[in-house]
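Quick heads-up: structures coming right below.
Next come two complexes built around chain A: one with chain B, the other with chain C.
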Partner chain A sequence: MAQLDVNRIQKELVEIERDKNSGVSVTIIGGQLSRLTGTIKGPIGTPYEGGIFVVDITLTKSYPFEPPKMTFKTKVWHPNVSSANGAICLDILKDQWSPALTLKTALLSLQALLSTPEPDDPQDAVVAQQYLRNYQDYVTTARNWTNAFATGDRGLQEKVAKLVEMGIPAEAAQAALEKAGGDENAALEVLFSS
Partner chain B sequence: MASESGATAVVLDPKSDMQSSVPKLGANSSLSEEGLELNDGTGEGEESVQPNVDQGVAVPAGPARPADDEILLQENSIKAEEAGKMEFIGDKEPLSALAAEYERGNEVFKAKIQKLGETYGSIRRTRGDGNCFFRGFMFAYLERLLHSQDKTELPRMRDRIERCKQELIAIGYTPFTFEDFLEIFMDQLESVLPEEGQPISLSELEVRCRDPNVSNWAVMFFRFVTSAEVQRRAEFFEPFILGLTNLDVKKFCQTSVEPMGEESDHVHITALTDALGIPVRIVYLDRSGGASDDALEINHHDFVPESAPESFKPDTSGLLTLLYRPGHYDILYSL
Partner chain C sequence: MKFGSQFQWFLQSQISGEYRAHCLQYKSLKKQLSPCRRRDPSAPPPHGSPSVWDSYRPVRAHCDSCDVHFWSNVGKEVKDISAFFTKRAAFLLQEHGVSPVYDAQHRWFACFLGDGCRGHAHEQVVDAELAGEARQLIQFAKANTMALRKILKKYDKLHRTGAGKEFMQRLLRKEHGNSFFTQRFLLHELTALHSSLGEEKTSDAAIGREQRHKCAELLQAVRLSLTDAGTEARLPGPYALDLHCSVCLEVFVDPMGLKCGHVFCKSCACRVARIHPLNPKGLKVALKTARCAICRQADVYQKAVPLPEVGELVKKRFPKEWKERELQDRQILPYKADSRLDGYIQAPQRAL
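And now, the complex of A and B:
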């Protein structure tokens, strides 16, 4: 197609909108259909449970013959996602992409990837090594990151409230939590060391 | 599989693909030694993996693996290079063009091409991008109809495609994911077999089949049809798929049928020809047999669905014929 396949993309958006129980959503950024934002619910029973993960989506003029470009905007601790920039290693976003797939199926595949990491084909070697050698540490870190980055304001506000209960002014609590990446204990250290 | 002719059926080896030049990232392909050492250092220390955005110290950047964008860019440049060399569908050339390729080559090939010349007069090459079977099949089919003007084919194919559509929906595909592809193919069919007015010219058909906005969409239509047929008759195809890969039927369709550029072997060909009711003869040009053998045979295999209309069957001039060389299909024309 010489131009963006607007017709196809709009049909996809309508379908995602209609199926609200799928656990994924897509919204348009600005007026252009080439830039979209997706969200994925962290799968239950994983360190990502309770998190809402935001995914940047870019579509080229060759979509659906070329895969959508997807990166995690929300920081994720996962063997197949770069902890630095959110780049994703998933076959269907590269050579295994098919025009038979859609934004919805791609996001559902990302959700499935959160449930079943593939440390043998990593995007982030550090996370992959931790996953393989210190699985419990991986779970702890992944959960901390989920709580810190993927729970939106809700998670943060709950933690601020806890610190306020301990007698810390709300503003200072929020600042400390942000500094500590959402980790309560680390935030306490920040507060008491300053 | 489909009924066999007297000739020996050759089992295609889908992995002997000389044309899949696009590099695939295997496991660990970007894990450098350095990266592994880095992990040894950080894996133990709990603090270093605690989230700490502001200071940025605890966000270790793994060794750089090429980003999706970079990989796609590379794939696209390879595709563009390939496109510069060869159209999706080439011009019709005399068989001597094929012989010229092997002038200094293998004696068996030379002898076989000579033998091939007793039956076939011309060849039309296709681009070796993993879609060559589908592109060759489509062009051969449409070109045949352009010549025969067999008006019974349009309603027959419409009926077939409607069944494929229902099948895809039954398997769980959302209609919008396949309808556009199907329409583009039907447009081409209606252009060569118009219900009123003149059919398009052969050169117009060539132009269309060289246009990615037609050819790629039609290829994808064939991939949907193939996938639906394999899944519909999963029990039948399963043993053949297990013989090729260790994938189950659904996974095979997702990884080896539906993505563009995945090559076709006898599973794909059987499924597509059965689903559409169009026979095809595959002629094999390989090293088997000796050059000096007087009785040098060129093997072929006929895929003949039971429901095929008479006009396309073997022993008629309507039989679609493709030449197979390991990893690639071109179109062959009888003398």
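And now, the complex of A and C:
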């Protein structure tokens, strides 16, 4: 347990590489196997459809006997994901982890979490409240956030460019868009009300 | 084809006389259900007078006409088959000589066979025979499992109760000790023995294609019937052997079978249970709270058994991978008294 289990991690990476249809991928950051980035496709038929979500993965030296640390790098509007820092509330990433699970299965579980939120065991209380009390609003916000943050840089950049054309500084435009959950009109409101 | 005749055909063509004598008496058990079989199936069952809706619900009521002989006979048959299977399997494994576990119990068998004086040429013949026998025994276990499920299902269908299902579940929970189909490790070991002696090719060539197809069909049904009984958790997968450990993702080195039926490398199982892999006491010091990595069942480590035949098969089939994996195990830091610092459990200290 003294050092990173390189063999197993490499095996896992090869397996993920081979199965291209799974909708998840993992890449290494900076040559070190302990820092990885995963991506998952937003499940079809959910407000996250069409988005690609980036997950930050950190492996400890005791992996796979301890769970990998995963947080969303992409901003996600979801009851079990912190909208502020991307922290994830999922049992298999905590006490229910088992060494027979892999990075791939963990990422697939995250994908499943996106399609079936657990508002009764929330990470983000605000989102969970909205999910329970005003489901339609939740769907709209989640979709806006997906369009704004998870469709690659293109979506956001386009919107920023539009606002810049209107004469708003790029930085302010981006901040307003993030605040408004990617909705252009809402961002304008934010900008002009301040 | 009806199952009864299918089973009969299977026994006649695939199972040799000695084994056949020990098989489930499907026909005679079916006969014991005849009082109810002759009844009009649309008529309500003889016990009680359930309402229209009640009849769909499994009522564990008893049937006076069938129960007298049926249950005691089924129980007896299961016990007989299990005893025969265990004895035979232990004998075969001992004969092959890779499994020291079974030696102590069944050493007396060796007296009859003069183990030590086998010549090389002779050995090959014996190996082929052994493999054939192993195959027979596996088929035997599978066919009997199938027949047992069928007859219990028949009972349930006739009486509209869940009694048959309950009986099966009780067997799976090993309430009456191990049955032939809960002896997963013996099956694992037999399969490994059979594959490692390379009998597969010759025997498959001997059986015609059509026959092979028919066998496969019957055996496939075993798998289905076992899973549809809601027993999936207890019977992980069919009897097929995957030779890869799901913890290290490599081939098994020193495979160990846990109580729940899942197999891991010894060092992997140790690590999951937080025991130093070189701890001389091995998995015996595992805590009861340690869970299987696959099914999460608790208290499965203490009674883990080594599966040497499976280990041998790995060595034979994946020599390169096995060597690489074994090398990893050799790099494990030696067991120290303060390994606890790495998060391992200690062997219990002797009282001073």
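What we mean here is this: the second predicted complex is superposed on the first by the 159 of 194 C-alpha atoms of A that agree within 3 Å, B and C clash if a C-alpha of one lies under 4 Å from a C-alpha of the other, contacts with A are read in each partner's own complex, and residues count from 1 in each chain.
We take it that a contact is a pair of C-beta atoms (placed from the backbone, for glycine too) under 8 Å apart; a residue touches a chain by one contact, two chains touch by 3 or more.
Values in this document were obtained by computation on a predicted structure and should not be read as measured data.
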Overlay on chain A: chain C relative to chain B, clash or fit: clash
In the superposition, chain B vs chain C on chain A residues touched: B
Touched partner set for A:Ala87, first chain B, second chain C, both or neither: first
Partner chain(s) touched by A:Glu178 [first = chain B, second = chain C, both, neither]: first
Partner chain(s) touched by A:Val127 [first = chain B, second = chain C, both, neither]: first
Which superposed partner A:Lys11 touches (first chain B, second chain C, both, neither): both
Touching partner for A:Asp95 - first (chain B), second (chain C), both, neither: first
Overlapping contact positions on chain A, where the chain C interface meets the chain B interface: 1-2, 7-8, 11-12, 15, 65, 96, 98-100, 102
Footprint of chain A on chain B - complex, ascending: 22, 24-28, 31, 35-36, 38-40, 42-44, 46, 49-55, 58-63, 65, 67-69, 71-72, 75, 173-174, 176-178, 180-181, 213, 216, 220, 223-224, 227, 254-255, 258-261
Residue ranges of chain A in contact with chain B within the complex: 1-2, 7-8, 11-12, 15, 65-67, 69-71, 75, 77, 82-85, 87-89, 93-102, 120-130, 133-134, 137, 141, 144-145, 148-149, 178-183, 186
Chain C-facing residues of chain A, complex: 1-2, 5, 7-8, 11-12, 15, 62, 64-65, 96, 98-100, 102
Contact set on chain C toward chain A in their complex: 246-250, 268, 271-272, 274, 291, 293-294, 296, 328, 333, 342-343
